[in-house]
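Each remark here refers to the structure printed beneath this line.
Chain nomenclature is as follows: A, B and C, assigned in order of appearance, with residue numbering initiated at 1 for each chain independently.
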Amino acid sequence: MSDEPLLRVSALSKFYGSRVGCENVTFDLWPGEVLAVVGESGSGKTTLLNCLSTRLLPSSGTASYRMRDGQFRELYRMSEAERRFLMRTDWGFVHQNPADGLRMTVSAGANVGERLMAVGDRHYGKIRATAVDWLSRVEIDEDRIDDEPRAFSGGMRQRLQIARNLVTGPRLVFMDEPTGGLDVSVQARLLDLLRGLVTDLGLAAIVVTHDLAVARLLSQRMMVMKDGRVVESGLTDRVLDDPRAPYTQLLVSSILQV
Amino acid sequence: MTAQPTDIATYNFAYLDEQTKRMIRRAILKGIAIPGYQVPFASREMPMPYGWGTGGVQVTASIIGPDDVLKVIDQGADDTTNAVSIRAFFKKVANVAVTTETAKATIIQTRHRIPEHPLTAGQVLVYQVPIPEPLRFLEPRETETRKMHALEEYGLMHVKLYEDIARHGRIATTYAYPVKVEGRYVMDPSPTPKFDNPKMHRSPALQLFGAGREKRIYALPPFTDVVSLDFEDHPFEVQTFDQPCALCAAENVYLDEVILDDHGGYMFVCSDTDHCEKRREQGHRGHLAPESPLEKTEPAQ
Amino acid sequence: MATPLVVSDVAKSFTMHLRDGIKLPVVAGVSFSIRSGECAVLGGPSGAGKSSILRMLYGNYAVDAGQIIVQHEDVLIDLATASPRTVLAVRRLTIGYVSQFLRTVPRVSALDVVAEPLVERGEDREVARGKARAVLAQLNLPEKLWMLPPATFSGGEQQRVNIARGFITEHPILLLDEPTASLDASNRDVVIALIAAKKAAGVALLGIFHDQDVREAVADRVIDVTAFAAGKIAA
């Protein structure tokens, strides 16, 4: 494990006019760490995720990312070209709705291969072999490689989206409610898959979820947000087993027991 | 080019007003300065419907002078409705000389072909372009495609070729085959057959592309590098034909299939009618050519 | 002998914000230390705070006051104030924990549940699985269960998976929260043997055992938690 964080976030705030999106968020993320951001809708967790992934520019604050050459770069001072390059090589973004993260009208194989082609791979056979490998890693049969994601179930689409994101070996993946809208059994399969991939690849991830069970299963650390502010943070099991902030206690006590 | 011959006094020379021509020339110059880049321009209504070459006509009208010799082809032929009409249009509004001979023309306006006869320095090839954006079918947002061009994000172009190979076992795109210009911009060469793509590479002629409906002009200055996109293990190839032209016996030219009768009879003949006629005048004979080499044979359209 | 764990003056209370912020003190003034190669047992009635103390030592509960000094590799770390990242490193390398209940993960086999802590420490997956097989066999878990996810196992079977997972590593400190609660006599004896082996290997153990026989078999000394009672209400 590296001695330096992968991502340093300091006093990040985003305002929509006079309304608060997120305010004064500070944390470090290390390689291989999964950070869950939990809170109800409107708590600012998605705003935070969009700021961190540079899909939104914050109103104030800084975030710096340790590039592959070891140098920290200030995300919001990078050119758009550099940010987009980072986005399709060293980062991944898994959307809640797979249709937002996939090209629905091109085949599964091309969806997985697109990032490879974007970084200059020009050997069809190798691209296809890599796509086959990744489809099997996300448990999609090889014979579906030429099907469009439109023909896939919700769970399969989500797994395809994950493969599409991970094919370039990113070091940081953003996930926005990755299991939202899926059946419980499909969710379990996806979570297990994500857990395995994160461990095997040593990925760092920031997972936004309102589902505390998802957070417990996937993450080591957790931030609880309310009204745009982080009200509690710490080890995931510590926050869930010994919640300190009033809002966290409310959240934890609201979990339905099966 | 403000000279106005008295016999066409009812029109400004070459139909467009001088301000419009200046505006279009500025777009052309910008296009030449940035080879392969799509320059927006204020496309005008022309006295013909979109899809009939309004982009090419505006480009031609802006660069043509009284001393130019104009050739217009449609799918390689000088004698189809579109070609005949546009030729007549410029004869009427600019009173310029017209020709069907590639070598004699100074400006060649084309739809879907590049002449077989090699172009030379000083000639201008004007393409009529229906959809100038090569990324359009995969990325519908204009804001996004512009950004992709600006940032040179062209992975998507290979996604299209990948899909071709995945579905057909080979790159099945046969026309409007995307090219990379001077190692920078990916460009749609208009719906010419990919057979013609190599002719664009380092051509001594100036190549201009006009899209009237989409309001874009782009250009290839003479001797520009034009490389067709491909994969290492699926390299770019032009179409090949397993028989020569039935009329002039030409090989290594682009052929059209012509239906001869209602009983399944057909022949393959040069799509470039000027090239075919020239060869027949020189005595080349295909297996279906009429007895007399000088007798004009019009391929069916 | 080395003393890898020193607890001094630790206090813990819960503030129940959903009940008008009432404060439930749990323990205060908790002070003890554990030496390598000994097994100390937390003693006292239910609700005295034994589990809470164990959880604080594992970083699972926050600490209100005091210090928990752990020898982590070559440095001393105060777990009461350590960053989450440090606590994770301590858990990975220094402090092992056998909880009362197994928290199962969907679709992960018993074998991989047991092998996981080794894999996290960088062990090769197949080597780790080999060791996991050995421990599961030692604990008499039927082999036909090894490749199944433990979610549907009986309480005793789950507990054996949990124990195997806790004992498979070579953490220098091991915390045991009622590991024998739902085991039959023969498996209790296996656990006693496992604990003895850990002691012999120089591991510092701290446990909670309600079973009198087990406690007498493993305990070198008993730490009376009632001495740390905080106020009159105990949680």
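FYI, contacts are C-beta pairs under 8 Å (C-beta built on N, C-alpha and C of every residue); 3 or more make two chains touch, one makes a residue touch a chain.
Everything quoted here is computed from the prediction, not taken from an experiment.
J.: Give me the step distance from chain B to chain C, shortest route via touching chains only.
T.: Counted as steps through touching chains, the separation is 2.
J.: What is the chain whose Cα centre is as far as it gets from that of chain B?
T.: C
J.: Which chain is the middle one, judged by CA centres?
T.: It is chain A that sits nearest the middle.
J.: With chain centres taken as the means of their Cα atoms, state the distance from chain B to chain C in Å.
T.: 78
J.: Taking the mean of the C-alpha atoms as each chain's centre, how many Å separate chain A from chain B?
T.: 47
J.: So, what's the distance in Å between the C-alpha centres of chain C and chain A?
T.: 32
J.: Residues of chain A touching chain C in their complex?
T.: Per the stated touch rule, the residues are 1, 30, 33, 188-189, 191-192, 195, 199, 217, 220-221, 233-235, 237-238, 241-242, 244-246, 249-250, 253.
J.: Across the complex, what residues on chain B touch chain A?
T.: 138, 147, 151, 153-156, 158-159, 162-163, 165-167, 230-234
J.: Please give the residue numbers of chain A that touch chain B in the complex, ascending.
T.: 80-81, 84, 88, 103, 105-107, 109-110, 113-119, 122-125, 127-128, 145-146
J.: Looking at the complex, which residues from chain C come into contact with chain A?
T.: By the definition above, chain C touches chain A via 14-18, 21, 55, 59-62, 84-85, 87-89, 105-108, 119-120.
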